[in-house]
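Read through the structures below before going on.
Paired with chain B in one complex and with chain C in the other, chain A is shared by the two complexes that follow.
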Partner chain A sequence: MAEELDLMGQDSDGDSDEVVLTPAELIERLEEAWMNEKFAPELLESKSEIVECVIEQLDHMEENLRRAKKGDLKVSIHRMEMERIRYVLNSYLRCRLMKIEKFFPHILEKEKTRSDREPSCLSPEEFAFAKEYMANTETYLKNVALKHMPPNLQKVDLLRSVPKPDLDSYVFLRVKERQENILVEPETDEQRDYVIDLEEGSQHLIRYKTIAPLVASGAVQLI
Partner chain B sequence: MDAAEVEFLAEKELVTIIPNFSLDKIYLIGGDLGPFNPGLPVQVPLWLAINLKQRQKCRLIPPEWMDVEKLEKRRDHERKEETFTPMPSPYYMELTKLLLNHASDNIPKADEIRTLIKDTWDTRMAKLRVSADSFVRQQEAHAKVGSSTAPFVWACCEGTITWWAACLATQAGFKKQKFLRNRPTCPE
Partner chain C sequence: MFCEKAMELIRELHHTPEGQLPAFNEDGLRQILEEMKALYEQNQSDVNEAKSDGRSDLIPTIKFRHCSLLRNRRCTVAYLYDRLLRIRALRWEYGSVLPNALRFHMSAEEMEWFNRYKKSLATYMRSLGGEEGLDVTQDMKPPKSLYIEVRCLRDYGEFEVDDGTSVVLKKNSQHFLPRWKCEQLIRQGILEHVLS
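On to the complex of A and B.
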């Protein structure tokens, strides 16, 4: 059992940027992605590499455990840890699916107009899911209501009827990399814009819109 | 993020246990643990410590800050100061709750500790309410949150309260937008 598990101590290949992560770092990245996705009002960039690596680690561990002795204390401890990781992974994916279902026309529109250089917000499977969801919703609306309407009212513009994500909502964040000169827009007309510096390790409450690019780059962590 | 999820995150904190079994080093995905030898203290994450305790395989050692005199000092300090004072751990509430629920036999004066932590928590919540209220009233667009910043101070991961404060701020934003939409536009 010990020899098989020695593999866990080695580095595993990370994402397409050829970053090598230890399994512990991988799990930490997954948890960060999970927290960011939970607190961000919009769908964030798809972290498919992290998801794939985590699934690979879990499968690898499952394989090892199947070959090990039954009823061993080690086995139950490993299983508990795997359940915890699976929970984070599932919660992350569910959160994304919920946002896709909520904002599907805007997400698909964004995907259509995205340039090749920008990373995608959707994994291939999520993209297929979003398209199918849209098609199903359109068919449903048509069959249940629209086809019974007068001919000039039979179209519905989903982009206008489905609410957009509220980027003005407030989020809490912790700063991982120092940032300077972040412009804070005023709430009222009497106040003026002002700039703030974000010190490393500090925590803030601010509008999501102001710091959205920092979440994408990993300079801040939503909490 | 609901209370159960905050507890889930709190369970990653390391605590010391004294096992009554022996096991060589285990290589979890999240890191290495052990080796375990009967009678020798070892650090493990809280989720494992609680599970081993439930299976009667170990004794839990309370963290160094979980002591009646130290907590009394903290509580009094918190009551005196207007802003937040630093807490021993970002998850002090969850750690206390889990350790006292599952291992109160390993922790001396458990009830007093429970009361002291609850008092400290109540004081901090009162400060947070006052601060969040003024944040929203003055329609601030940003707040730095930390253990010694006035007027708005808050310590990380006090779960449901953070969610509540963020909601409150967002709602205030909504009210403002609705008001603005109905105002006639001013000529440039």
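On to the complex of A and C.
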């Protein structure tokens, strides 16, 4: 796709620890992040670098298309490709926004107590959005109802009222890197915990909580 | 029985299908707040009596009223929050400008919440790369084809397509237009996707 439109020369907006990706690899990463985000019950780590690079990519493609000859068949094909990429990108960002809105007290609490070494689940813009959403909602509830209630009932603990993501929900995954000795905790009291190995290329249906760190590290892909 | 009005509000929303917003039940909310005030005042006086006169037989009643107060609050907050979620969905469905019919069903405070939400979302979208940012509310469905056949449902006027050419959207006219340009108008009900 990219070769014909001479995009290979572009760099990927690299930080010092970024690997330069080909456009095809970048889109693959985007699709992986998109699927993981769609199927994971909680908000995953923010992938702003991928988002930025993809947007840059789309801008380049748009520019190239504008310069290209009108009526050229390649133009339609490339435009279709752009549409598909834009759909995946928008779907990814929407999915994240929906989770942020759904679990906002928990996400903000997690961000507050996060250590510097842990990566953030929120991009700076998402963080601002989440804070505004929380402030907006709290102010609304206070002004419309809570401040008219008896004094000892005016505070509502949103962390307790808003449901948390269900980390015990089941997800499908495909193993990218072989994993050994994954501890599977029992669901009921009658069961015992056991240990499994995950072979590369195998597919499983498993509780999200068990493999959450593997999603973060990229060892498994949610499908 | 206490909390009847609160239950009524919950039931009202429970019976309303997703995507719809009934009128804001201001009266119901007011009644609940009044009931809460009355319960609280009764409890205040009973608590004083229990403390000063050692009337421990009042304690079950006090507890019962307290439970009713908590239930009222929970139902109220649930009602208000569920409405907010429905209103939020409206931004994604209809865009920034809401149809009048829906606006009449919203209270002034809900409208304010909506405006703040809109602004917050716009700020976020603008911050995503490039000069204009990225409109995340577009491209809601995977693209099937580049161009689609659309019929105009209402007079709209001139509409600019690629490279400067424009089309006049008159009622009942049909056009073959790029899909991504039409998406917003389709959602607003100005264009209709013709599936032949």
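By definition in this document, the second predicted complex is superposed on the first by the 210 of 223 C-alpha atoms of A that agree within 3 Å, B and C clash if a C-alpha of one lies under 4 Å from a C-alpha of the other, contacts with A are read in each partner's own complex, and residues count from 1 in each chain.
Throughout what follows, a contact is a pair of C-beta atoms (placed from the backbone, for glycine too) under 8 Å apart; a residue touches a chain by one contact, two chains touch by 3 or more.
Remember, predicted model here, so these are calculated numbers, not experimental data.
Participant: Quick one: classify A:His204 as touching chain B (first), chain C (second), both or neither.
Facilitator: first
Participant: After superposition on the shared chain, which partner residues are touched by A:Phe129: those of chain B (first), chain C (second), both, or neither?
Facilitator: second
Participant: Applying the document's definition of touch, where does A:His148 land relative to chain B and chain C: first, second, both, or neither?
Facilitator: second
Participant: Between chain B and chain C, whom does A:Leu183 touch in the aligned arrangement: first, second, both, or neither?
Facilitator: neither
Participant: Taking the superposition on A as described, I'd like to know which of chain B and chain C A:Tyr140 touches: first, second, both or neither.
Facilitator: second
Participant: Is A:Glu52 in contact with chain B, with chain C, with both, or with neither (first, second, both, neither)?
Facilitator: second
Participant: So in the superposed three-chain picture, is A:Tyr87 touching just chain B, just chain C, both, or none of them (first/second/both/neither)?
Facilitator: After superposition on chain A, A:Tyr87 lies in contact with both partners, chain B and chain C.
Participant: Where on chain A do chain B and chain C both make contact?
Facilitator: 80, 84, 87, 91.
Participant: Can you list the chain A residues touching chain B in their complex?
Facilitator: 2, 5-6, 8-9, 23-24, 26-27, 31, 35, 38-39, 57-58, 61, 73-74, 77-78, 80-82, 84-85, 87, 91, 166, 168-172, 174, 184-188, 191, 196, 202-207, 210, 223
Participant: Residues of chain A touching chain C in their complex?
Facilitator: Going by the criterion above, the answer is residues 51-52, 55-56, 59, 70, 76, 79-80, 83-84, 86-87, 89-91, 93-94, 97, 101, 125-126, 128-129, 132-133, 136-137, 140-141, 143-146, 148-150, 153, 156, 161.
Participant: What does chain B use to touch chain A in their complex?
Facilitator: Its residues touching chain A are 1, 5, 8-9, 21, 23-33, 47-48, 51, 57, 135, 139-146, 152, 154, 156-157, 162, 165-166, 169-170, 173, 176-177.
Participant: Help me check something: in the complex, which residues belonging to chain C touch chain A?
Facilitator: 29, 33, 36-37, 40, 69-70, 73-74, 76-77, 80-81, 84, 88, 107, 109-110, 112-113, 116-117, 120-121, 123-124, 127-130, 134-143, 146, 163, 179-180
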